[in-house]
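Below is one structure, written out as structure tokens; the observations come after it.
Which chain is which? They are A, B, C, D, E and F, in the order written, and residues in each are numbered from 1.
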Amino acid sequence: MPEVVTFGECMLRLSPPDFQRLEQASQLNITVGGSELNVAAGVARLGLSSAWISRLPENPLGRMVRNKAREMGVDTSHLLWTKDDRLGLYFVEYGASPRASSVLYDRGMSAIANIQPGEVRWRAVFEGCRLFHVSGITPALSDSAAAVTAEAITAAKAAGALVSYDLNYRAKLWSQEKACQIQTPFMNDVDILITTEEDTERVFGITGQDYRQVAKKLADQFKIDVVAITLRGTPSVWRNTWSALAYSNGTFYDDVTYEIEVVDRVGSGDTFSAGFLFGFLTQDIGRGVKVGNAFAALKHSSWGDFNWTTLEETEALIKGAGLRIVR
Amino acid sequence: MPEVVTFGECMLRLSPPDFQRLEQASQLNITVGGSELNVAAGVARLGLSSAWISRLPENPLGRMVRNKAREMGVDTSHLLWTKDDRLGLYFVEYGASPRASSVLYDRGMSAIANIQPGEVRWRAVFEGCRLFHVSGITPALSDSAAAVTAEAITAAKAAGALVSYDLNYRAKLWSQEKACQIQTPFMNDVDILITTEEDTERVFGITGQDYRQVAKKLADQFKIDVVAITLRGTPSVWRNTWSALAYSNGTFYDDVTYEIEVVDRVGSGDTFSAGFLFGFLTQDIGRGVKVGNAFAALKHSSWGDFNWTTLEETEALIKGAGLRIVR
Amino acid sequence: MPEVVTFGECMLRLSPPDFQRLEQASQLNITVGGSELNVAAGVARLGLSSAWISRLPENPLGRMVRNKAREMGVDTSHLLWTKDDRLGLYFVEYGASPRASSVLYDRGMSAIANIQPGEVRWRAVFEGCRLFHVSGITPALSDSAAAVTAEAITAAKAAGALVSYDLNYRAKLWSQEKACQIQTPFMNDVDILITTEEDTERVFGITGQDYRQVAKKLADQFKIDVVAITLRGTPSVWRNTWSALAYSNGTFYDDVTYEIEVVDRVGSGDTFSAGFLFGFLTQDIGRGVKVGNAFAALKHSSWGDFNWTTLEETEALIKGAGLRIVR
Amino acid sequence: MPEVVTFGECMLRLSPPDFQRLEQASQLNITVGGSELNVAAGVARLGLSSAWISRLPENPLGRMVRNKAREMGVDTSHLLWTKDDRLGLYFVEYGASPRASSVLYDRGMSAIANIQPGEVRWRAVFEGCRLFHVSGITPALSDSAAAVTAEAITAAKAAGALVSYDLNYRAKLWSQEKACQIQTPFMNDVDILITTEEDTERVFGITGQDYRQVAKKLADQFKIDVVAITLRGTPSVWRNTWSALAYSNGTFYDDVTYEIEVVDRVGSGDTFSAGFLFGFLTQDIGRGVKVGNAFAALKHSSWGDFNWTTLEETEALIKGAGLRIVR
Amino acid sequence: MPEVVTFGECMLRLSPPDFQRLEQASQLNITVGGSELNVAAGVARLGLSSAWISRLPENPLGRMVRNKAREMGVDTSHLLWTKDDRLGLYFVEYGASPRASSVLYDRGMSAIANIQPGEVRWRAVFEGCRLFHVSGITPALSDSAAAVTAEAITAAKAAGALVSYDLNYRAKLWSQEKACQIQTPFMNDVDILITTEEDTERVFGITGQDYRQVAKKLADQFKIDVVAITLRGTPSVWRNTWSALAYSNGTFYDDVTYEIEVVDRVGSGDTFSAGFLFGFLTQDIGRGVKVGNAFAALKHSSWGDFNWTTLEETEALIKGAGLRIVR
Amino acid sequence: MPEVVTFGECMLRLSPPDFQRLEQASQLNITVGGSELNVAAGVARLGLSSAWISRLPENPLGRMVRNKAREMGVDTSHLLWTKDDRLGLYFVEYGASPRASSVLYDRGMSAIANIQPGEVRWRAVFEGCRLFHVSGITPALSDSAAAVTAEAITAAKAAGALVSYDLNYRAKLWSQEKACQIQTPFMNDVDILITTEEDTERVFGITGQDYRQVAKKLADQFKIDVVAITLRGTPSVWRNTWSALAYSNGTFYDDVTYEIEVVDRVGSGDTFSAGFLFGFLTQDIGRGVKVGNAFAALKHSSWGDFNWTTLEETEALIKGAGLRIVR
């Protein structure tokens, strides 16, 4: 059975080519993407087995999501299917300074939002599982999705799995108040919290002198073993910087800051989670930070939510691969 | 003010290239389409002024629909806008025998479905209007959309405009019973009914020995001035035949049957309505049948819901244009 | 463990768009394809579990093949990987009468051609397997591939699995003499032979008054339980006809002839095998012929080697689905 | 009637994808563009009504220009049509340092170049008009186009409209001497002059210590109410800087300098004019500079001559929107 | 030196994909094409050396034409270049019944139309030349182009070359009267006349009971050694039939009629000329008809003016190649 | 006969669009490329005649290579053809920091690798030739290719041609030891050596304080008239710097360093060789460095191995062309 299990939404992802605005587009490139599937795909890409739990409509779009999860090596045998609901979708417009990239969501009434407690056979899902990962998007989808998230966390702990949680606040889905109220209880069961300085403030109102202090405050306040924070700098839309650090039991784990030429940044946070969890599960926290940081940096360089980078390429970057052509 | 006004939904239309199935697609061609906008666009293309009434979300997709209506020369000044709802969309898969083409709808919770009586200023809309056209899709969208349809028909009559109605039954939107119950009262105000033999049977249970008898029965039963029926033959997916006839006051108006090589058949019925209404309003019923028939036949030869054929090309076909290259 | 196991080559498949000739192309559409993977993919698409055995190079092209096998739901856990060899590839040029479509192979020195006896752990592979399928392409790839084919057939029988064999003669890979010499011994272990009249004559020199007689002769001569034959008519490049029949123990099972509008015929024979095996394993020979025939007919209507048709669509065609648009 | 009227040429615009050179291209992306239509489109995009006057051939290319003007919300009811002439066209090659982008014109013998005085019904056009805008390209097209430009300016003043003029010198269309001789008389009627330091020197021989002095000199010499100057820096082909200032009655109005990542810079000057005129007409000069500057900066980030930016996005940039993804 | 020399215009050729109408296109596929270059390219493709004479603008479009002529193996060393004029262009819209394909020309003021007598060094061009080919399009371009055509024919005869002439009447370029007046004198020097029944009537007013009689009348009236006539049937836009015959000294040479699935018919007549001249020059008239007929039939199956068919494929068709896939 | 002759491999070149990784691609852009053909193409582009010698398979891919060589104006009349072998190919993945671009080769068993001494008629090839150019890739392909390289160098010298050699070390093709052993004897006959600091160290173990010293050491050690070295800086994947210098008889020739925005860097070294040889052969070493440096800098700005830059553009850059748009 899969070592890592994730739970959440995956949407059809549509984007105009060549920096076109949606209004002027006559073609859209399509793939699929969603935070927790991105994590499961990344973990599988690096070499651990993973499964993704969701609820999909029985139509070509739902099947496309399942197919692409399988393509990445993710176990889809526990997916729920429905004849009634729709697949959510989102449109990405790629920007150029001074216009930021943007995302237009059309995710209402999706199959996953209508998921109900009791539908997923969590006990079977978690058999042999080492770690369960979910992000704050899932409980934000609907009250029933929040209930199933709680159900999953409980079942994971019961099965002896670690719980990893990415705060991932989405203002369009719920208020800061509700986000805080729903997620605070989850923190009791969370072993690994992955977040950004900004989300931490918005959801829990926790701020600090710097992100190190924030990480420590989170760990202390919620008694979380590991807190990881990703750090993005945006000197321009096409040039970003990227780094990450983790805090655990009084120790900070940080890493180099990568200079990024941005092809597609959507999904890179999830890719950090995947890399971090892989490194953490196969070695330790320091390795998690290094693999997550490099894996996420490399994600920015190609199109789509998923990270097609190999472990070998990730390790080469960690060791300091150059920018000259590889033949 | 526009001579022809239509009212209904327009969706984003997405289709994979090269006969791909949706599940295997990595790009989608996009445009917009919807029965009543198709009619307004066709009427404007042929040379009468037209306006289209709908309700759209204030986002890039809603604006795209408005833009493309304007591109075709359709007046969009009476559109309603909302910050809340979504734009419906539909996916077209092009077939090849023995696989028929198919359409996957994702139109729930659309802005137009949430339209409410009293929102459209019908009196202003119908100032100077000669004809109002709507299809059976609009009242099928929701109860409130049905109420607004009734409101529109009443206002059109009050303004002295003719009412044209395309039965356009969509089984996914409502039952035959409900379609019959809602639309039967409309028939009192309808001057021109456009339909197919199949839809007539499904909605009103009216059948006959042949389509001529059906047209006559409809006209007699509902006291409708003009009944027009379109006739498609499907020897294969890529080869169709197309014809049309009208009945009015004891007279049948028919026309040649065209041999069609099918590029894209979605929207061709609406194009017939446009051509028929244009011919009827600028000349008479016989001209309506001829223009509608030729205009619709030509629609099949290019991509998208809209008909980019010119009046000059339509007239050339009516006069018997050949199939050799035109230089 | 998978119910159906197949063994063979899969290549990168490159084709110019829009009926271009290769020499004039500036873009190629790519996917992957290969007879036995096509069968495993089709079987999984219809609903049985399947696995595919092959040998792939550890590079992006090898991974792409694995990914796309997984995308179709095929188990790839028993694939062999090598750092040394290449992935074969082939180019498809789509024709229009009077120019036939054509395939240009570049498959020399591929990883699968260098497979060696003993490399595949056949015992583990066949655990729980109901049926093993291979085609005449695999032993044609190299002497060692032929030896592994023999090894596989023996292991399958030992594991209690049925053996299905598609003759699939490729003149560019070996002579008729060698094809006969190598494959004749296989026939002792074959339970289901799938072929065409033409291949039967070329490989075994067996001819008959008609394809029925040929099927019977094959069954009698080699003591094969089931012989299935596919029948293609080619009135033009874009219009084909397609049918199939099977013979077993004195009974002929035949089916309707489908009129086909050809989008892409490469892989349709494999798709018949998949449909036949699915129908046979889930019901009986008659069902196998019907499912295989309809599934293969539908394959022609979309691009690529794989068949994206659903079981539901296949059953609709068997029941006589029409050619009008499906909404 | 439209608040803003512009007059000039619009061409078919063809550009190879992916930084290809024209000689190697096998596909071209197409749209339309021309200085004065770009301005009318931008003004309409921001929210004022606008009309565009030109002369087009009655063929698909002429209709495409009209359609796309309508798509942007521009009134096209006063266009002139001819069966005789052609539509001009131009090819854009996108550069990368050290190769600048370049434009190849093929605009000879166009319908607009053959426009004759008396053909446009200026009195009807200017009914209710607040401002007329034209650039130095229009009189450069031909002697008759220059005469019609003069005619238009006179009619605009007579109708009580302001006159806005963009110097827009094109060396391929006329000499500096002729540009000076023809345009100097226009300056008597110009209320708003939009230009660059470079064009001012080339056409009027006016130079100064800096662009502020140049603006003042222009205003003083020609007694022009408002002079606006755009300022582009080109550290590289993909990175530009952009700013603007205006001078009026002793006051300078300047604004921030934007860092630009260049997707397509063709048409950005026109977009500044549109933004400036919008801000000026709806508020004052200072607002004009701010809106024009931000609207033009944003134009660089997407493909084509037209600016698909919304007023909302423009205002967000003025207020200091960041470069992080918008969800 | 080249065995075959041709003289005429080549234009940029732009066509929308997927049966789109020009007005709706956002991309155009491009290549080049022109009757006499098509012939030179076809002759070179089949295996004789050829050169093409024309006049081109010194810009990327002119160079593209030269490049693509070279790509096909055509000698371009005698081309004339100018800094002043433009390259003609034409747009192709692909049709589907009942809409015929169509061509929109934009060829005015081209470099070739401005060619002047004395500019081409015909004596050098014709050194070692066996045959000169030109079509009726070249003298139709302008009076000076007609004068250069006359000059070329005279020089060819003086150099001992045969003269081949394709009547190729273009109604948009000149009247039937002028076509007759200018071309009648050319007929004195023509050895091979290639035409259609329709063009013969329009230019020379020659009709007959059938095309055989027409061929004979042409040969008799103008004392032409060989008259070849191509025969196209158009049952539909996508299905044509194609055949050809020749008459010489009392003998008729005819051939099979091919069933054609039409991908792109533009340029197929020129391809017949190429095949005919190749067969005639390498063997005899009968071979010319067979090669021309098959080569032209195969041209219809791929995109663009040029024929990418090989001699080997042409001979296979003559021998009766089937329509099944070639592996 | 051509002034410059080159000898080597050309492969089919396939690259995914839009920074996609190969594994996720569904389309590939294709063209051809190979070091020595790139040089011949560049030389011809700038204005000297050139020929390229290679061995190609008689199939569409082999013909495509020949066609594209011809398209660039390269003489292909001495190519060898074979029915047996394949065309090598390579895949380019475009990177973005921190992911470098990379190349995946699939060049085994190619036609050129199987070339044998005695097959090329070198005496005829070198008639009238001024310079022969080859790179270290050719002898690395196989032992027989190395033998033919030696044969070619000897024949070139015998014919009085200069010999130019680009070290071009490819670690995947041979070891440093073998590269040194095979190429050291060649150096006796080399007049112009083009290389990089890195390759010099890898092949000959020559290092120095800086590249100037390296150039001098190479010239001194091997008694080579001219040594040219190219210098690339890689601050990021999208931003490079580029310069070059030459050393000859005690004099250093250097040039400006260009700031490069990288569209496609593959082939730019070959383009330097072409520019250097052109400048050297038409003027002198200093001119060679300047033309080579500018021509190569400009190559980076467009797609593909070939350089579509004109001599006029190259000279404009040398004179200091700006980065503003050229109209």
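As a convention for this text, contacts are C-beta pairs under 8 Å (C-beta built on N, C-alpha and C of every residue); 3 or more make two chains touch, one makes a residue touch a chain.
Bear in mind that the values here come from a model prediction, so they are computed numbers and not experimental data.
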- Task: Report which interface contains more C-beta contacts, comparing A-D against A-B.
- Result: A-D
- Considering chain B as a copy of chain E, what rotation angle in degrees (nearest 5) results from a C-alpha superposition of the former onto the latter? 120
- Centre-to-centre on C-alpha atoms, which chain is most distant from chain C? D
- Task: Please compute the C-alpha centroid of chain B, do the same for chain D, then give the distance between them in whole Å.
- Result: 39
- Chain-centre distance (mean CA atoms) for chain C and chain E, in whole Å, is 45
- Note on the structure: Touching two or more other chains in chain B are residues 21, 23, 26-27, 29, 67
- Note on the structure: The answer for chain E against chain F in the complex is residues 67-68, 70-73
- Query: For chain E, which residues count as touching chain C in their complex?
  - Reply: 17, 29, 258-263, 297-298, 300-304, 306, 308-309, 313, 317, 321-327
- Note on the structure: Counting only contacts in the complex, chain F reaches chain A at residues 18-21, 23-24, 95-103, 105, 170-172, 232, 234-238, 265-266
- Item | Sites on chain D touched by chain E in the complex | 14, 21-23, 25-31, 59-61, 63-64, 67, 86-87, 91, 93, 104, 106, 108-109
